[in-house]
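What follows is a group of structures, each given as structure tokens.
Two complexes come next, and they have one chain in common, chain A, joined by chain B in the first and chain C in the second.
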Partner chain A sequence: MHISPLTGICASSLGVALLLIVYAFVRGSKGLRSYIVTRVLLTLPMVLILVSVIFFVMRVIPGDPVTSELGPRGTPQAKERMREQLGLNDPIMVQYVKYLGRVVRLDLGTSLVQGNRPIVDELSERLPATLELVVPAMVVAVGFGVLSGTFAADRRKRPSDYGLRLFSITVYSMPIFWLGLILQVIFGVGLGIMPVAGRIDAIVNTTLDRYTNLLVVDSIITGNWAALGSSLHHLVLPVLTLGLALTGVFVRISRINVIESLVEDYILAARARGIRERVVVYRHALLNALIPIVTLIGLQFSVLLAGAVLTETTFSWPGMGLYLVERIGQRDYTAVQGVITVFAMSVAIISLLTDIIYAFLDPRVRY
Partner chain B sequence: MRKLSYALIGLLIVVLVVGCAPSQKAEDMKTVIIGTTDEISSLDYSDAYAVHDWELMRNCNIGLTNYKPGTAEIVEGVADSWDISDDGLTYTFHLADGWKYPDGSALKAEDFVTTVNRALALEGDIHGVVATYVASVEAPDDKTVVFHLVNPRGDFPQIVSMGPFMPTKAGAYPEDELNRFPDKLVGVGAWQITEYDPAEQVVLEHNPNYKLGFSDTAPDRVIVRYFEDATAMALAIENGEIDVAWRILGPPEVQRLEEVDGLTVINTGGGGIRYLVPNHAMAPFDDVNVRKALAALVDRDEIVDRVMKGTVDPLYSMVPPGFLAANEEFLTMYNAPNIELAEELLTASGYSADEPLTFDLWYPPEHYGTHAAQIFQVLEEQFEATPMIQVTLQTQEWGTYIHALTDGEYPIGYLGWFFDYPDTSNYLDPFADSVASPSMGISYANDTMDQLLRDAGASTDVAEREQLYTDAQILYAEDVVTIPLTMEPEHVVLIDAKVSSVTIGPALVFNYELIELK
Partner chain C sequence: MANNTLLNIENLSVEYKTRMGWVSAVDDVSMEIRQGEILGLVGESGCGKSTLGKALLRINPPSARISGHLWFHGEDLMTLDDEAMRQIRGQRISMIFQDPMTSLNPIQRMGDHLIETILTHEPEVGKEEARERAAALVDRLGISSNRLDDYPHQLSGGMRQRVMIGLALALNADLIVADEATTSLDVIVEAQFVELLKELRDEFNLTILLITHNIGLVAEISDRVAVMYAGRMAELSDARSVFKETLHPYTQGLLKAVPNIQIDDDEELYMMGGSPPDLVEPPMGCRYHPRCPKVMPVCAAEPSHFLESKPDHFVNCWLYEDIPAEYADKELSE
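And then the complex of A and B:
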């Protein structure tokens, strides 16, 4: 049986989510278990509402997919045939029920502009590119942001604190596409050390056998080290752009929470016991400040996806964001609907996981 | 913390060193990487109707006729001769020997029948174009293709150079449905597409059986790489990630790249034009005086100099210079900017400074480049140079705009045009023919014009065609069917260290085998 990368990624993501939930369920208290059950049950109507909103919004916005596709050359017969083929002649509720049935089976329909290609196939090519971008970007944003915020809290009201706060406001307020362009001009055209577009060198690309469409993974499993180097090389600027754009908020949240932790009694007690200041700050204070940061990661995931749209456009990165932009321009309704559905379901799953991790870390959190 | 910093720096160095290292494959083959902001829409010969799709097809295949490289002149393709029946309704093409597909099989006349019949039957994007000209096609033997036309066409040799008239082997595409993304694209041309991802790149390698062969300086392999926008593509060629930047560079990129050392920017000419589209079926543009007044006010030189910084040329007829019978009738007739004439015409239609002509002028803000807003600010100033006109600029996103305009919902709009085949008829018929005009949002109808265009289309006598098209352009300017504004030549950018030259003419046919490497 052929399994598309999209199906594989969805299945593995759900598998990981399920494992985490089971782990928390087994290791957690009775209160946590009932919280997990409630939260999982609440996710189902949330996903239903999301996909329903997408369905109905796509049908009330101006424009007709059939006219868009066939254009002025479309004869009434051709338009009617296409309406029938797309099921647009069915009553709206029949279309809705069919749509829900297809979403459950991960059948997102076929493209209106790319020769009736299944959307799932198209997203299978694009989703790995987006994942390869957003996951390292989130690592950069969280890693750099949290460490910098903690560092700033430790150096409160010193020049390094002011500098980091200024930095965080600057990158937070900077448009992503502009930041990307600046990095392209400096590190690409100016210094000539970074590629400015695409996922991999065009020639190296011809030597790479793809299995997952995650180029770093494919390079490793095929032992193609030139492809690994090239794909990592191409990742640097887009990941920095997207990561830095999100860093600001993590710097500020980490800083304020670590500052609050540093005045707690247990920090005073740790210092009184002679524990080194670095350990006090980076282990005791930071760990206790992580809880709101975990929540923030979940909330920022949707921002990350929105940022990916702009980053992918700036760097000609062939991911879901660029795909969405292209298909909006081409009035490919089924493709747009498919991308938004995948985005919405991703956000719903990430929110679920974040809430469970939050509850796992902080026993006070319960419904 | 320090260890983490060291680890990150180490990783960055590894990435830079490994990522910058040239691949072994790069040294084995002479590869050229061509960047473009175009995209693949369809690689089915019986469906494709886009410039870039045809570019790939013309590199992989050859029609019955072909363009002489670097020109818009039609010469023999795989046919070495053709005959026209006395009534002009039947064209018989005779195939030359020696044309073969990459698998070694010989070209057959039936291969042309396959493509054309699929185009007629399957109603893909190109269906209407083929059906307009061709009633039926047959192959009485392996070396003869016979077309029976709907109407006599003197320019049919130009028409058969288009994508849907190229040969496809039986079985390469399904008979009863389109296949816009076949695994490979092959033909009897110089190249074959061996692998591609529409989102990233196309790889073309030699057709080992190509009849005309390859020069020593030609590339062994061509990779066409896709970019989201001209800015990214311009940065990529500056950074050496691509060897050739081709379609579509805007004026800002062209101006900037012209100043970069190590790059050569070439103006290829080409037939892309921009024009205003008055809706003749809607007030106030159902009044010819109003259309003439606007034609008298448009100062094209100001648009070229002030906005486009000299990267485009003013256009005074829909037929660009270099095409049969091209003239500058709008310049001769209106000598714009001519405020006095405009006011005279508007007065005759009952407008005055107290009761000015008011209208909405529509344009898409992004589709034709970021400078569109500036063009329209200048146009607004030019029209409002007389107090008898008040313009309201309106914008609409392209997807909605194009359908509203062609459906006749706007009084006046802005469009670009790129020919399907390089003949004067393709610059006049779609706008001025009474059958075609409504689908362009113009709704112009004039029996005299119809007759002129029909006679010119049917004629095979060059002198006669020239006279008919000259007359048609005079009538076009008198009636102000549309208002031609500018001609936008394409530019190609080469990396000097690697590419010596490319051959692209006004027909914008880029033959990759004619790329000369250093």
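And then the complex of A and C:
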């Protein structure tokens, strides 16, 4: 049986999510378990609402896929034939139910342009590219943001604190595409040490066998070190761009939350017990401050996807974002609908996971 | 200085920087804490008693300016560097805080508080052994050791306070500073707490500095009592002398102001006139003189000295000190 990379990635990410949920379920208290069950069940109507909104909004916005596909050449008969063929003449509720049925089977329909390829196949090439960009970007943003925010909180009102605050507000207020362009100008054009477009060197690409379409993963499992080097090299600037753009808000939110934790009585009490200052700041204060930060990670995920659209466009990165931009231009409504459905589902799953991690981290949350 | 002195506080002053200027929270306090005693430190809110307690561990906020000497086992704690001071905290001098709800880390299990404290100071102890010690300790304090994995919010107020005591006892500290440790407890739990503290003192030969504004509690439990007013020491002696042969007019007023459930209905509770002074600009001379019923001309001009007016009974008041000649005949203006 052929398993497309999209199905594979969806299945494996759902599997990871499931593992996390099961872990929290087993380790957690009785209250946490019932919370997890409720929260998982609540995700179903949430996804249904998201998918329904996408469906109806796509049919409410101006424009007609048939006219845009056939263009001025389309005769009324040709248009009618195409409408019939795409099921657009069915009553809207029938179309809706059919659409829901297809989404459940991960069938997102076929593209209206480019030879009517199934959207699932197209996304199979695009989703891994986006994942390979956003996951490291989020790691950079959260890792660097939280640690330097904590550092700034510890050095409050000292030069390093002012420096980090200035840095965070600067990267936060910079448009992503502009930041990307600046990095391209400096490292790509000026110094000439970084590629400015694409995922991998074109020649190296021909030597790489693809399984997951995650180039880093594929090159590791096939032992193709040249491909690994090239794909990592191509990742640096886009990941830096997206990561930096997101890191500002994490610096500031971590800093303020750690500062608030540091004035709590239990911090003074820990110091009075002779606990090392490093442990007091990075364990006691930071772990307490992490609770709102985890919530923010969930919220920032949608910003991350929006940022991915801009970053992919800036770096000609062949992911979902660039695909979305291309297909909006071509009025390929099924493709646009498919991308948004995948985005919406991933936001729903991430918010489910962050809620569960939140409950798991904070023993006081009693649902 | 008696030879059973555990901690000798010499000319300790603590000032805080505020927007209004430097606040003199503790001013030139000298006293000794003796091995094995419970020393009650009483005074109104804001008199500097908590600041004094924190200064013994040097955990005042960074904006504080501390001077003086803290002689402890032959060395001056004020001269220690941060790392050496950190090793004193929890191990040699420990502290029980006012509010056990907010003084325990809400996301750290009760047992982990104890284990972390033990392992920080005795890294050679294994994790298992630290856990056994923690279990034995909470067991001694009357908490079942199968609650070690509970979070603070799952414990009752009395249990949390016992955990705080456990944290202070975990490494057999020589001196325990209990800062308003019973303020947030109800009277029944407070009585249990006091009983427990007495038992533990006898069992572990503890020395306790009990900081409180509850005079009844001090009378109940203390060997000696120190009374503070506006950052200065007013009176210090054994509990009996302070309560029965009170010297300082402030202590006299304070004792009269304690509500007594057996008091006659028609007898009104004494209310001390005035209010505690602003410590940004404290009154000249004796800081109590604007409220003192026995004020003399000298009180407004010169500070009195903390002297031993009777054997082992110290007082800081011109009534018990030779008044300088130039003030002797003056009438009180104002």
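The rule is simple: the second predicted complex is superposed on the first by the 365 of 367 C-alpha atoms of A that agree within 3 Å, B and C clash if a C-alpha of one lies under 4 Å from a C-alpha of the other, contacts with A are read in each partner's own complex, and residues count from 1 in each chain.
Here is the rule we use: a residue touches a chain if its C-beta (ideal position, glycine included) is under 8 Å from a C-beta of that chain, and two chains touch if they have at least 3 such contacts.
Since we're looking at a predicted model, the values are computed, not measured.
After superposition onto chain A, the partners chain B and chain C occupy separate space and fit alongside each other. Look at A:Arg364: by the touch rule set out above, it reaches chain C but stays clear of chain B. Between the Cα centres of chain B and chain C, as seen from that of chain A, there is an angle of 150°, stated in steps of 10.
In the superposed model, A:Leu100 makes contact with neither chain B nor chain C.
Touch criterion met: A:Gly188 reaches chain B, while chain C stays clear of it. Of the two partner chains placed by the overlay, only chain C lies in contact with A:Asp265; chain B stays clear of it. Between chain B and chain C, B touches the greater number of residues of chain A. After overlaying the two complexes on the shared chain, residue contacts for A:Leu287 are found with chain C alone; chain B is out of touch.
In the superposition on chain A, A:Val236 makes contact with chain B only, not with chain C. Of all Cα pairs spanning chain B and chain C in the superposition, the closest are 20 Å apart. Contact residues on chain A toward chain C in their complex (touch as defined above): 264-266, 268-277, 279, 284, 287-288, 291, 361-364.
Chain C makes touch with chain A in their complex at residues 57, 59, 82, 86-91, 94-95, 97-99, 102-108, 116-117, 120-121, 151, 153, 164, 167.
Across the interface of their complex, chain A is touched by residues 1, 4, 12, 14-21, 23-26, 31, 33, 39, 41-42, 44, 47, 123, 125, 128, 178-181, 195, 197-201, 203, 223, 225-229, 231-233, 235-236, 238-242, 398-400, 402-403, 406-407, 439-440 of chain B.
On chain A, the positions that touch chain B within their shared complex are 62-63, 67-68, 71-73, 78, 113-115, 117, 125-126, 147, 181, 184-185, 188-189, 192-193, 195-199, 201-207, 225-226, 228-230, 232-234, 236, 282, 312-316, 318, 322-323, 325-326, 328-331.
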